Each structure stands twice: as structure tokens, then as C-alpha cells.
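Just below is one structure, and these are the notes that go with it.
A, B and C are the chain letters, set down in written order, and residue numbers restart from 1 in every chain.
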């Protein structure tokens, strides 16, 4: 959804200061997340990585305004998260594709546009554009149950991009896919992110995935969920392709993230 | 699955169903042939008629007519002379009851859908109403049919015209609303959390979410509920007719012909077949609705 | 769609509140405004009748409840046998499936007059048979589902342990199916009561709750008719509570 007022260009895609989330349970309060300081620049690709319970998905849900922070301030493009959600400043992709089974691929991609009263001709044009972007042009009239898991996830990405958001939130989007599909979609995602120029916040528990995709990797740890380290992993102008996966620079960064996760140097021999 | 394979499977199902019905026929005629004319009674006291418990029925022609007699009776005149064949009044009466049941079904579906939607919208409404709705179905409130009729007669006299069939329809709707209310509630709550989150991420409010997500997702829950409601509405209509003595419907005809069973044993089978057909037609019509909605029943496995 | 957290005590209070409101509205309509039709007496009048005529009401209840219970037991037993057959032998499943689907949607009580003819009008058997048929369907459907619920991993495990068919049945199939049987019984209990009561409207001996309601409603004795309705409700509640309790005992966690 294009908004009428253009926000200040300087505003970062995400700015979190002192953000925390406390869940009250029967056995007392649980700090799922505490004291998060994070800034994601427009167009930047940032991964959140950490073991289960480190609050990475919670942080993503807070950014998406699917949940409210207990403490701290959260701004998306300079506005409160709720406002950003209503303005459709972000698109979101979950681990499950979450396609509506009774809608065709095209209708699924068009859903956010339909909800915001985009007229039919424009919708059709945008769907064609997005289907092409994710390489599913010939499946527009298919139903989700006729697609493989990887294809379904590509539809979900297209749907998240439908309203031309400047921020893409992804919660372990490739977590349920097999390794080969996964690597293929990672390459696809870098291409799509570059083509759309959107900032991406990407939750994952795979170190190679985080390193391959990101400009920066945010390392988190549990009990209480918090950010322990932020590593710059970008490769500059080097193309993210299969050759990169074999390069020493890539392995170095994988090791760096692994050490940050474990909090100690890791023996080289343990790699892979 | 391919259409050819599914139609082949349907063909096999129909075949087995026919075999099943044949088995019932064989059982009936076989027992009639082999069983004792006065049935099997245990614990009978000698010389005292009606004592003891009959565990197997009497087999003479007045109690168990031959199947062929039941069928031919349908095409003989209703009550001698040049009255039309029995099947004609049976069909007329069945259609009357079907019409009443349809009205009851519509009322029940409307009320049930509304209740289900309200309960899904506000948790407090669910907590307040659902226990009562469940209890209302565990108790034989249909017992209240004769009382409902008396109230209807009184409304007709004092307040506004209230035809007797309307009382029957109201009772039928009472049986029909329950599955719809529960099915609607479960169905509207069926969408995965991820779908609900997604709609929230689109800043979609209650109505768009209801229309685009919850209602379509409810279809697989609603169709069986609507079918059950149809069967219940027919049951309610037949029972209500009988218990309040309304004329013109299949229930009343059944009672009337059963009263003459000793002289005309095959006759009550006419309206009995009629009411069986009624239940099947009502449920079948809803199944037809389901065919039109089959896109909403695409594998729950997907997505 | 704000998800406000509701206090848990409301869970108990809400239905009670609705009940109190309902009775209050009833009393207001009948006793205070005096606007109700004559056939709708006040709850207190009904209560008085229920207590004063408890003798005849409980007699009628006993007859209807006995019919429902016999029907429930017979229907359930037959259903279990047939479900076991259907689970074991595919063609039997094929033969039964359409018949059960038909019984499920057909107004079974319509068979009462014919059953009365077959067994004699002075017999309660027609009513019991109708109750049994009504109880048959949910028990059959649930038991059959339960018998098919064993997971492949468990079956593989027992096969790998070289368990005999009887052992597999005892260790795996039966425990898996039991909660389903209980669920079926709970649903069937209500249907059996309703069927037994309603069957009384279709002739047979002149006793039982249904007969009494029809008689007194026709003769205009509203409060007494309602007191018998209350008796019918009582039977339904007792059946429901007992079978729900059995279900609770059999299921540590609910199926489905």
C-alpha cells in the first residue's frame, strides 16, 4: 500500500530501544525478551539467530505489531509499529506458507490488495508481476494443494511483497523445507530483496543461511532473551551465488557467527 | 485424485450399498419364513396374554407383510373405491412435511449461525451460552412440542394469526439450530493462528477477516452441521406433527394407517418409506450444496 | 479483535448469570406482567406440581428411562459388534456404510408404529428398539473410528515385537478405541432418551413421560404437563452426566 505521506527518508526501517516483552504465566513472569537495542537501515538485510527461546520470533512479532512490547520503544520507518501495520509498511512470511486453500495462487497473492480495495485491473497486473518475480507465472490458476512446499513458500513471499512494502519480515521461512529447496530459495530471496530494495528482518536458526543472506547477523541468547552480539557479514559487491558458498570468506563468517553463538572459539575441524 | 478414480470408488460404494440393502431384504424375508408366527417371548406366564418380553417379532402377515406386498400396496387405491393409489397421498404428505421441515431448517440455520458467530466474536457470550446450548440438546426438550402447540393456538387466538404448521416448524427449528451453532463456532475458530496473524498484518478488521478467512474456513465444519440440521429438522417436523396431531403431513398419515394395520398391514409401510425418503432427500439436498462449495473443502492438509 | 483476558471465574459465573437472567425474565413475563399465554405457567407453579405429583411423575420417568437404558445398551452392543466386523472385513464396511449413513438422517421414530405392530401394542419393545437404533449410529461411527485410530508407528512396533493378533488387540487397539466408545456412548445416551420419549407419541402402551405430556397438554393442565417435561429433562440430564463421567474416566485427554 503506498501511503499518502512520505515519511522522513532518514528514518531507519526498524528502530528498537530498550524493547522487552514479559509473559505472565501461572508460575510467575517470564522475560521472553529484554533490553533490545537494534536499528535496521532501509534496504538492509538483517538476520536474527539464536537457540529456541531466545526471543527472536517474539522480536519479529513485536515489529509486526502482532504482539505488544512490555517495555521500550519500537519504531518502523519512524512511526509506531501499529501505525506501520495499518499503513502496510511491511510484508510478513511465516514458517508455514499459510496460503488459503480455497483460493488460487493468484487470488492468494492478491489477498492483501483485495483487503485494501485495490481495483481489479491493477490487482491482476500486480499479481502477474509478482508471479513472474517468484517464477510461478504458469501456476497462477493452481490451488495451493497442487504445489510443492517450496513453491507454496514462494507464493507466500509474493503475497508479502504485494503491497510493495519497504520492509519484509520473515520468520524461519525456509525452516520446513528440504536442504536443496532451501538453498535455491535463499538465492532467489537475495535476488528478490535486491530487486525490490526492501529491508529484510530474517529469523533463522541456521548459521550458514544467516551468513549467506545477511548484511548483519544479530546473535541472541535465551533466559532471558536478549541480543548478545551483532556481526557484520556482508560480502560487499561479491555476488551471492553457489561459488560464495564454497569461498573461504564465507566459512570465516560462518565460524565467526558460530563462535558468537557458543561464546567461545570453535575448533575448525568441527565445521560442517 | 482423478475424477475417473473417484467416480469408480463411488460406483463401488453404491454397489456395496445395494448389497447391504439386499442383505436387509433377505434377513426380513428369511426370518419371516423361518421364525415362529407368534414371535419369541421369554418369561411368559402360562395363560396370561401379554406377559413376558417378546424378543423376536411375530411373523404372520399382519405383523410382517411380505416386501412385495408393501411395494404393490403403494400402487393400490388408498382406501378402496376409486381413490388414488396410496403413493399419491404419501408423496403429497411427504412434500407437506418437507416444506415445514425446510422452514424449520431455515429458522434453525439462521438462529444457529447467528449464535455461533456471536459466541466466536465474544468469548463471554460463548461461556454464558454454550453450556446451555449443549444441555438443551441432552434433554428431550422436544417433549415440549404439545405445549408449544397450545401456546401457538393461544397466540393465534389472542395476538396474531399463527397457523399450526408454524408451531411444527418452530419445533423442527429447535432441533436444527444446535448443530449449526456448534459447527459455526468451531468453524469460525478453525483458521490457524498463522492465518489470523496474517490478516492482522494486513490491518484487516473483524468483517473482512470474517468474510475472507473465517467463513470460508468454516465451510468444512458447516456442511456436516447443515446436513445434520436437515435430518433433525425432518425428525422434528415428523415428531411435532404426530405429537400435536397436525393433519396433512407424513407423520399424521403414518399414525392413521398404523391404526388400520390389523386389516391392512402393508399400508403403514407407505408413509414409513415416505419418511425414510424424506430424511434422505433432505440430507441429500444439503450434500448438493456441498458440491457447489467444493473449492472451500480443498485438502485441509494444504497450506 | 483485541484479545482481552477474561477472568477465569467468569467461566463459571457467565452460564449461571445467563440461567438466572432467563428464569428472571420468565418470572417477570408470567407472574409480574401476567402477559404470558396460559400454557406457559410460572416456574414456581411447575416446581410445586413437580413436588406434589412426584409419585406419578417418577413412575412415568422410570418407564421412559428404562426403555432408553435398554435401548442404549442393546444399541451400543450391536454397534460395537458391527463396528468390529466392519473394521475387520472390508466388504462388511462397504455394506454397512450406506445403511448407517441412511439411518443417521432418517427419522427413526417413524418406525415405531410398525414395530408396535410387529411386537404387539402392549409391548415397550417398539420404543426400546427405536431407542436402540438411535443409539446405534453414534456408537458405531465412533467405535469404528476408534478402531482405525492406531498409529502406524505403534502397529510397526508391535509387529516388530512379534505380538500375536490377540495381543495387539488387547495392548493397542482396545485402549485406543475405548475413549471413542465412551464419546459415542455419551452422544448416544441423549439420543436414546429423546427417541424413547418421542416414540411414546407414536402409540404403544399408555404410560411414560411422553404420553403424559401429550395427555395433559391436550387437556390444558399446563403446569402438570410442564412438570412432566421437567421429568424428561431430568432423565436426559442424568443420562448425560453419567455417560460424561464415564467418558472422563476413559479419556485422560479428549480425542480429536
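Quick note on the criterion: a residue touches a chain if its C-beta (ideal position, glycine included) is under 8 Å from a C-beta of that chain, and two chains touch if they have at least 3 such contacts.
Keep in mind it's a predicted model, so treat the numbers as computed, not measured.
Just knock out chain C conceptually, keep positions unchanged, and give the connected chain sets.
Components, chain C removed in thought: just one piece.
Name the chain whose C-alpha centroid is most distant from the C-alpha centroid of chain C.
Of all the other chains, the one whose centre lies farthest from chain C is A.
If you count the C-beta pairs in contact for each pair of chains, which pair comes out on top?
B-C
Centroid of chain B to centroid of chain C, CA atoms only: how many Å?
Chain centroid spacing, chain B to chain C, equals 16 Å.
With chain centres defined as C-alpha means, what is the inter-centre distance between chain A and chain C in Å?
52
Show the residues in chain A shared as contacts by 2 or more other chains, in ascending order.
Within chain A, no residue touches at least two other chains.
Counting only residues that touch at least 2 other chains, which ones in chain B make the list?
200
How about chain C: which of its residues touch chain B in the complex?
Its residues touching chain B are 1, 6, 10-11, 14-15, 17-19, 22, 37-40, 91, 94-99, 102, 104-111, 113-120, 122-123, 125, 189-190, 193-194, 197-198, 201-203, 209-210, 213-214, 217-218, 220, 222, 225-226, 228-229, 232-233, 235-237, 239-240.
In their complex, what parts of chain B are in touch with chain C?
Chain B residues touching chain C: 12-17, 19-21, 23-24, 39, 50, 53-55, 57-58, 62-64, 123-124, 127-132, 135, 137-147, 149-151, 154-155, 158, 200, 205-206, 209, 227, 230-231, 234-235, 238-239, 242-243, 250-251, 254-255, 257-258, 261-262, 265, 268-269, 271-272, 275-276, 278-280, 282-283.
Chain A touches which residues of chain B in the complex?
192, 194-195, 197-204, 208, 212-213, 216-217, 219, 295-303
What residues of chain A sit close enough to touch chain B in their complex?
Residue list for chain A touching chain B: 61, 64-66, 85-88, 90-92, 94, 96-102, 111-112, 114-116, 143-145, 152.
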